[in-house]
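What follows is a single structure, written as structure tokens, with notes after it.
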Amino acid sequence: MERYTITISEELLEKFDTSIQNKGYSNRSEAIRDLVRDSLVDDEWAEENEKVAATVTLVYDHHTSDLGDKLTELQHHSANLVVAATHVHLDNDNCLEVIILRGKCQDVRHLAEKMIAIRGVKHGKIVHTTEGRSIA
Amino acid sequence: MERYTITISEELLEKFDTSIQNKGYSNRSEAIRDLVRDSLVDDEWAEENEKVAATVTLVYDHHTSDLGDKLTELQHHSANLVVAATHVHLDNDNCLEVIILRGKCQDVRHLAEKMIAIRGVKHGKIVHTTEGRSIA
Amino acid sequence: MERYTITISEELLEKFDTSIQNKGYSNRSEAIRDLVRDSLVDDEWAEENEKVAATVTLVYDHHTSDLGDKLTELQHHSANLVVAATHVHLDNDNCLEVIILRGKCQDVRHLAEKMIAIRGVKHGKIVHTTEGRSIA
Amino acid sequence: MERYTITISEELLEKFDTSIQNKGYSNRSEAIRDLVRDSLVDDEWAEENEKVAATVTLVYDHHTSDLGDKLTELQHHSANLVVAATHVHLDNDNCLEVIILRGKCQDVRHLAEKMIAIRGVKHGKIVHTTEGRSIA
């Protein structure tokens, strides 16, 4: 860890301190590093061939015919991209599944879009994140 | 399922068809229903007391001292909100963890912010989703 | 305008109706067309060479030395991209300026980033929109 | 302006430097202040009664009957919120209009939604920004 000095107005710092306390930060440097890292992850995802990690959150009704099969088939066809999947039962009908992916940005995005497009998926969202190595 | 007729220009439909084929949709109705559902999930999250589901994606270096303990402690203190957590090892240093949450909108949001704020978490994102019951 | 029939559950339609009434829509077809168009505008911006329109909103303190000059210079250097600019005085110190841009996606994005990066700009945001021709 | 020292890894700083140079920043402190300010503007918009500024970007076909009248009427009914409006002609059919608003967060949001919901508006987006006073 290095020390680096920024210039910033006292008023801005005070407001920032209140804001990050509400969010549970114990430390101003950590909050600033998080802003910096978040902007760098956005950059990674702007490069089609960059290696990235992602999670896809799906909520669906498991009674929809073939849905489970289609999801499984898709994941097996892209086994090199799928790291793990977790499934929870929200109620008698509804499931929430999170699939963890890693690979080239464009492949990961494409697979996520396909899973979200399956008939019977009520809600699907992808989180763009990082493999972590380059975000120190 | 009911049938409902919308008026829409031929040109708009054609463009939409191309767009959703690229995303893997087999069916125009399904693509439109997905847009409708997504806008309704946004509405759910605008109500502080609405019951919602969420996932939190965290990437962190597990060598950061106390990080694992703090995450576990936080999750146990809010055990009523935490449904499951999945952990994968990205490399020797980096972990990706997804935590599935459900509960009142404001409680879920607050817990997610706290996890993201822990020192050593390199990247954290929350996905706002739904328990599914009200999104048919 | 054509008529097109979608299948959708009664429950989903009811919720959607409540949601769009709150937002001021008088008409369900119009609300659905807006969702479709919004997804198409996102597609336009995924193509680097697509012709697009954009607005850049800047809030800044006009006392910051050289800021006004730099903004003007930037806009003149890219005169082919800048359609118009509107400036309002928020108070003695603060100005809000909106610049309307059109051109190739990547050029527009690049110019917007440069304006937002100028020292003294407190807050800057770009809106990705469309020239309208292809969104009927 | 005060000086404030943060701890941050050399590797993270190097990556950040590359990233902000591409975006046109001449200065690392300014880039960090922009991240801080952007997070504070998000906070302002989480408070319904906070005084904020906003811009609404609309693209529409001016041949749509009554659209211009409805937009004008809406703006006059909320004259206390509307600061200025700029209109440009994109082609024979399409217009782009930017309306600058300021007032209580919830009032501004509500008016923006209403304008976007008008039939004939092809694309509408709101930018949440600040009156600047509290973002030093």
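Labels for the chains are A, B, C and D, by order of writing; each one numbers its residues from 1.
Simple rule for what comes next: contacts are C-beta pairs under 8 Å (C-beta built on N, C-alpha and C of every residue); 3 or more make two chains touch, one makes a residue touch a chain.
Just so it is clear, the model here is predicted, and its values are computed rather than measured.
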Neighbouring chains shared between subunit A and subunit D, ordered by label: none
Copies subunit D and subunit C - interface residue numbers shared by over half, same or different: same
Chain centre separation in whole Å, for subunit D relative to subunit B (CA means): 25
Between subunit D and subunit C, distance of the C-alpha-averaged centres to the nearest whole Å: 8
Shared-contact residues (touching 2 or more other chains) in subunit A: 37, 135
Chain-level touch network, classified as line, ring, star, complete or other: ring
Each pair of chains that touches, named by its two labels: A-B, A-D, B-C, C-D
Parts of subunit C lying in touch with subunit D, wherever the complex brings them together: 20, 23-27, 30-31, 34, 37-38, 41, 53, 55, 57, 59-61, 83-84, 86, 88, 90-91, 93-96, 98, 100, 102, 113-114, 116-119, 121-125, 127-133, 135
Contact footprint of subunit B on subunit C as seen in their complex: 1-13, 15-16, 19, 28-29, 32-33, 35-37, 39-40, 43, 134-136
